[in-house]
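I have placed the structure first, in the form of C-alpha cells, so that the comments after it can refer back to it.
As written, the chains take the letters A, B, C and D, and residue 1 is the first residue of each chain.
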Amino acid sequence: MDIFLQQIVNGLTIGSLYALVALGYTMVYGVMKLINFAHGDLVALSAFAGLTIYTSIFADGGTSIVAVITVFMFTAAVIAVVGVLLERLAYRPLRTAPRLSAVVSALGAGLVIQNAIMLIWGPNMKIFPSHLFPSDIYHFGGIVITFTQLMILIFSSVLMIALYLFINKTKMGTAIRAVAIDQDAAKLMGINVNKIIMIIFIIGSGLGAVAGLFIGIYYRGITFDMGWMYGLNAFVAAIIGGIGNIPGAMFGGLILGLFNALISGYISSAWAETFTFMLLIVVLIFRPTGILGEKVAEKV
Amino acid sequence: MSQYLLEIKKVSKFFSGLTAIDALDLKVKKGQIYGIIGPNGAGKTTLFNCITGIYTPEEGEILWHGEDIKGTPPHKIAELGILRTFQTIRLFAEMSVAENIMSGRHIKSTQKWYNGIIPTPAYYKDEKYNWEKVGKYMELFGLSEYATTPAGDLSYGIQRKIEMARALAAEPELLILDEPAAGLNENETKELADIIRKIQAMGVTIMMIEHDMDMVMSLCEYMTVINFGAWICEGVAADVQSNPAVIEAYIGVDDEDE
Amino acid sequence: MNKTSMISLGFLVVMGVFPFFADSAWLAVGITFLVFSVVAFSQDIILGRAGAFHMGHAAFFGLGAYTTAILNTQYGWPILATWAPAVIIPVAVALITTAPIIHLRGDYLLVTTIGINIIFLQVLENNLFGITGGPNGIFGIDVVTVFGFELFDQIYMYYMAFILLGITLFIMRTLDGSKFGRAMFYINKDDVAAQSMGIDIRYYKLYAFAIGAGLAGAAGSMFVVQYSAVSPEAFDVMQSIMFFTIVLVGGSASLPGVLLGTFVMFVLPEIFREFETARYLVFGLAMILTMILRPRGIWPVKFGNIPAFLKKGKK
Amino acid sequence: MRILPRVAASVAVCALLVTAGSAADVIKIGVQAPITGKYANEGQSIDNGVRLVIDQLNAKGGLLGKQLEVVSCDDEGKAQKAAICARKLVNEGVLAVIGSYTSGATEAAQTTYFRNKTLQTSDGTSGSLTKQKYWTFFRNSFRNSDQAAFTATYLVKEKGYKNIVVISDYSGYSVDLADSAAKSIKSEGGNVIYQGKIKSGTQNFTAVLTKIKSMNPDAIYFAGYYTDGGLIRAQQQQLGIKADFIGGDANDNPDFVKLAGKSAEGTILVNFPTAEFLPYDAAKIFIKDYTAKYGKAPSSVWALMNVDGLNAILHAAKETKSLDTKTISNYLHTLRDFPGITGPVSFREDGERINTKFNIYEIQANGKYKIINK
C-alpha cells in the first residue's frame, strides 16, 4: 500500500509539471487553434535561462528565499518576453494562412529555440546546483516526499487555482473566453484581440517557465533537447483533458502523470509512452474532443 | 413498391434537448419539383441534412423507393441517387471548374481499386468517357469557357451553377437544392428557374428550399410549410398562400426579427 | 502529356545521367536524395493529397527497413525476396493502425499519428519478440544479389533507388489521373461536399495511407541496404516531422515542390557540412520565413489537370 | 523545359569541382564520435585527442613522408548516424577510423569498414564487437565480461552483498554489461533479486526505484551511463532506499557527482584507472599537452584509450612502412606491449586488447575519488 501511495505522490509531482506546461498549449490552442510546437522548447529554455540567471546573480552559490523568488520572477519574465516575440514574429503573420502553415512555422520556431539553446549553452548536459532548495525529506507513514516535490505540488496548485479564477472571475478572463469562442464577434464587441493573444502568450510562457525551473531544480540535469519530451507529454495531456479547456489541461496533466507513474511502477517504464498514446487513442475514440472538451457540431 | 419516390414519416431530430425537427411527414412523387418553405430556423436545412445522411434522425423513417434509408452514411445516399447542393456554396474552391464537375462522375466511374496505382485499358476508357460527360454538363450550364479556372475565383452566380452541374453530373434521381437563388440577382434567378425546369425535363425529381417566394410559387408543383421543425401545412401554391397558419408563421417571425 | 509527366521525365533524365558526373561521395548524396524523395512523395499522397494531418510517416518508412533487415539477417532471405514483404507489411500495419483513428479531425489525427510513430519506436527499442535488435538495431545486412552476382558497388544502389523513384512517379501520375487521386483532393478541400458527392472519406483516406505506407516501406528497404545497418533513431518523430515539413515547405501535392523540399531538407545539409551545428537553427528560420512569405509552399500546386479537349476559351 | 540543360550543366560542374578537390596526397584518418548529443563530452575529447596526436605528428614530418589529415564525422552516439558516418568516411578514403565512443554506434559501422577494408579502433566494450572477428577491428579498451567478473567478485566476495539489483538502460553496451554482471554475480553465489531496464534520458526514475524499494536490496548495480546514473543515485537517496550504489565504468564522469549532488557521497564506481591515476609517463605528457591546447583535461579515460588505438595503428604503419590496411592489421594482431597512455597495448588475434586492470573508487564527501581496491 505504501508503495502504491508513493507511486501516486511520484505521479502527482510529474503530473503537476505536465499540467503547468499543458496550460500553455491549451490556452494558445483555445484562442488560435494552433498547436504551439515551440512551447516545449520554451520550457527547456527557461531551465537554461534560470540556471544562468541564478549563477550570474548569486555567483557565490548561496541560496535563500530571496534568491529563489528572484530567479523565478526573472526567468518567467524573460520567457514571457520570448513567448510574446514568438507570437509576433512566427505566428501573427500567419493568422489568416492555411492552418498547416502555422503548424510548420511553430515546428520551425521550436527548432530555432532548441538549437539556439545548443549554440548558447553547448550540447552537453548542464547541471543545476543541488542546494537551490533545501534537501529536506518528509516521511508520512511509509511515504517519502522531498521538499522540492512539496514545493512543486503546492506552487503549481496555487498557480492553477489563480489562473482558473483569473479566467472565470475577471473581466480580462471573460474577454479571453470570448476571443476563444469567436474572434470576429469579440472584435466587434470592442475586444482588442491582439492584446488578448499577447496576454495568452505571457501567461502560457510564464507557466511554462515555472515548470522548466522546477524540472531543473527537481531533476538537476537539463539538456537542450529535453523540451520536446515534456512538450509532447503535456500536449497529449491537454488533448486528453480536452484541448482549449483550462480545467481540462490541469486534469489531463494530473491524469497523465498518475497513469505514467502507475504504468512505470507496475507494468514497465519501457512501455510508458506506448500506454500514454493508447490512453490518448482510447479517450479520443470515446470522447473525440477529450474528457472535459465540448462537443463541436459543424455547421453544414 | 411505394407510389412515392421519397417519404418522410414522423421524423424527429433533436440537438442537445432542442427539437430541430418534430415528427415531420412529407411525400415526394417522382418527377415533381417539391418546395420546402418556412421561416429561418424552421429546420429546413436540418431536414435536408437528415435525408442526405449528414445527420441521423432519432425518430421516424425516411423511405426511398419504399426502403428505410435512415442512418445511411452520406456517400451511400449519393450512390442511391440523391444528390444535393448547399446553402453556403461548398465547391472545391482551388480546383478547376472541370475538376469540380468531375466529382459528380465519381459514383459513375467504373475504375477498380487497383486503378489508383496501375492503369489498364478500361481505366483510360473510363477516364475519357467521364471527362466527355463533364464536357457535356459544362456546355449545358454554359461553363465551358471556365473549364480550367479555379472555381473559387468565379462569381457567385456561376458558382451556384457549378454546384448544380456537379450534382447533376452524378445523374441523380432526386436533386436537393438548398436555397439555390440565395445571393443571385433578378436575371440570374430567372436563368436559374429555367435551368431547374430543364433539369426536371431530364426526368430528375427536385426538392428545394427557397425564400424567393415568386420563384417557389412559380416552380414548385407541391410544397410543405414547416416552422419550428413541425408541419404547418402542405399543398399546391395557391392553397399554401391562402393558409392562415402560414401567414401567422411568417408574421410571427417577422416580429422577432424587427 | 500533362505537366506532371513532363516534370517527372525531365527530373528522371537529370537523375539518370547524374552518376556519370559524380564521385562516390556525391553518389551517396544522390542515393539519399532519391530514397528520401520517394518517402516525401509517399507522405505527400497522405498529407498533400488526402489532406490527412499525418506526422508519423517515419514509422512506415522504418517498418519497410526493418522488414528487410529482419528477414535478411534473422531468416536468411535474400534482399530481393524481402522487397514484397517490405511493401506489404507497412501497408497492412498502416491499415490496421489508422483504421480506428482515421475519422479524427486535423490536429487530433496529427497527435495520434505521432503516437503510432512513438509506439513503433518503443516496439523496436524494447526488442519485441527478440527480433528488432533493440536500440542498437540490426547490423550486417547483405547486399543485393542477382544470379549470384553481388551488387556491392554504390552505382547499383543508385540505379535501384532510381528505378524505385521512377515507379513512384509512375504511380503518382496514375493516381493523379484517376478517380482515387481526385477523390483525395475533394476530401482535402471540402470533406462535407465530397461525401455528398458519394465519396467514402474513410475508404479514400485509408487508400492514401496504404499507398503512402507501401511506397515508404519500399524506400525503407532501399535505405537499409544502402547503409547495411538500421536502428530505431533513424525513424524517430523528428524524422516524421522532416517528411511532414518537406511537403508543406515545398508545396502540398506539387511534384516539383516536394522535390525541392527534399533537396532543401536532405541534400543541402550534406553539401554545407560546415554549418553542421547551426544547421537546424537555419532550418527552423527557413521554415518560419517560407511559411510567412509563401504560406502554400515554395512551389505551390496548380490545379486544372484536365484533358486537353476540355480546355477552351479564356485561361 | 529550358531550365533542364542548365541544371544538368551545373550538376556536372559541381561534381567536377568535388572530384578535383579530393585528389591531394595526404593520409586521412577518420574520427567517428558523438561530437554533439548526450555524449558530446566524450566525443569531443576523442576528436580533440586524435587531432592533437595528428598535429604533433605532422609537425614532426608526418607518416611515411606524407602529411595526415583528420576527417571527423558526428554520429551523435546513434547507430543509424554511425552507419551514415561509416559510408561518408569510407567515401573520403580514410586509412583508419577512430571511434566511436558507444558500442552501439561502433557496431553499426563495423560491417561497412570491414567490407571496405578500413581499419577501426574503438573503446566500445560490448562482447559482440569482436564476435565477428573482423580483421579490421581493434578494441582499445576491455570487454564488458571482464569488468563484470571483476565487479561480481567485489560485490559478492568482498562486500558480501546478498540481494543485488541490476539496472541497465537499453543500449547495447549497457544490456551486455548488465547481463554479464548478473551472470557473474550468480556464479559467484550472489542473488540477483531484480534485473530491470530504464529508458535513458527520462530523468524521472522514481517509478522503478519505488518498486525496487519494496524489495529491500543490499546493493544496486547500475550498468548505464553517468547522465542517468547520477540521477538514479540522487532519486534513490530521496526515496530513502538504503542500498549501496555501484556504478559501471560509464558512470565515471565528473558530471556524475554534479548530478547526484550530496547523494554522490559513498557511491562506488568500477572502472579502468582514470586519467589522473595513470602511472605512465606517456599519460602525463599527453594530458599536459592536451590541457595546454584545449584549456581543459580530457573528460575521461575513454579518449585516451582511443588515442592509444590510434597510436598503435600509426606505429604499425611506420614499422611495416605500408599503408595497406591488411598489412597493418597483421602487424597489430601480433603487437605486444606497445607503450600506450593507458598502459601497455597488446592485441589478440580477434582484435581484443589484453591485460587491462580495474580500479574501485568510492566517492568522498568532497566529490573526490578514493581508490579502495587492494
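By our rule, contacts are C-beta pairs under 8 Å (C-beta built on N, C-alpha and C of every residue); 3 or more make two chains touch, one makes a residue touch a chain.
The model shown is predicted, which means the values in this text are computed figures rather than measured ones.
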Touching chain C and also chain D, the following chains: A
Chain whose average C-alpha position is farthest from chain A's own: B
A-D or B-C, whichever has more C-beta pairs in contact: B-C
Chain nearest the overall C-alpha centroid of the shown protein atoms: C
Computed distance of Cα centres, chain B from chain A, in Å: 48
Length of the line joining the C-alpha centres of chain B and chain D, rounded to whole Å: 72
Centre-to-centre distance between chain D and chain A (centres being mean Cα positions), rounded to whole Å: 37
Inter-chain centre distance, chain B versus chain C - centres from mean C-alpha coordinates, in Å: 40
Where chain C touches two or more other chains, by residue: 125-126, 192, 277
Residue list for chain D, restricted to those that touch at least two other chains: 36, 170, 199
Interface hub residues of chain B, defined as touching at least two other chains: 54, 86
For the chain B and chain C complex, residues of the former touching the latter: 52, 54, 73-75, 77-79, 83-84, 86, 90-96, 98-99, 102-107, 109, 111, 113, 115-119, 123, 127-128, 131, 134-135, 138, 144-150, 166-167, 170
Chain A partner contacts - residues on chain D that touch it in the complex: 36-38, 40-41, 170, 197-199, 201-208, 210-211, 213-214, 227, 230-231, 234, 238-240, 255, 258-259, 261-262
Contact set on chain C toward chain D in their complex: 6, 10, 13-14, 17-18, 21-26, 28, 125-126, 134-137, 139-141, 152, 226-234, 276-277
Chain C contact footprint on chain A (complex, rising order): 29, 35, 89-90, 93-94, 97-105, 107-116, 118-119, 228, 232, 235-236, 239, 243, 270-271, 273-274, 276-278, 280-281, 284-285, 288, 298, 300
Touching residues on chain C, where the partner in the complex is chain A: 53, 100-101, 104-108, 110-112, 114-116, 118-119, 122-123, 125-126, 192, 237, 241, 244-245, 248-249, 252, 277-281, 283-288, 290-292, 295-296
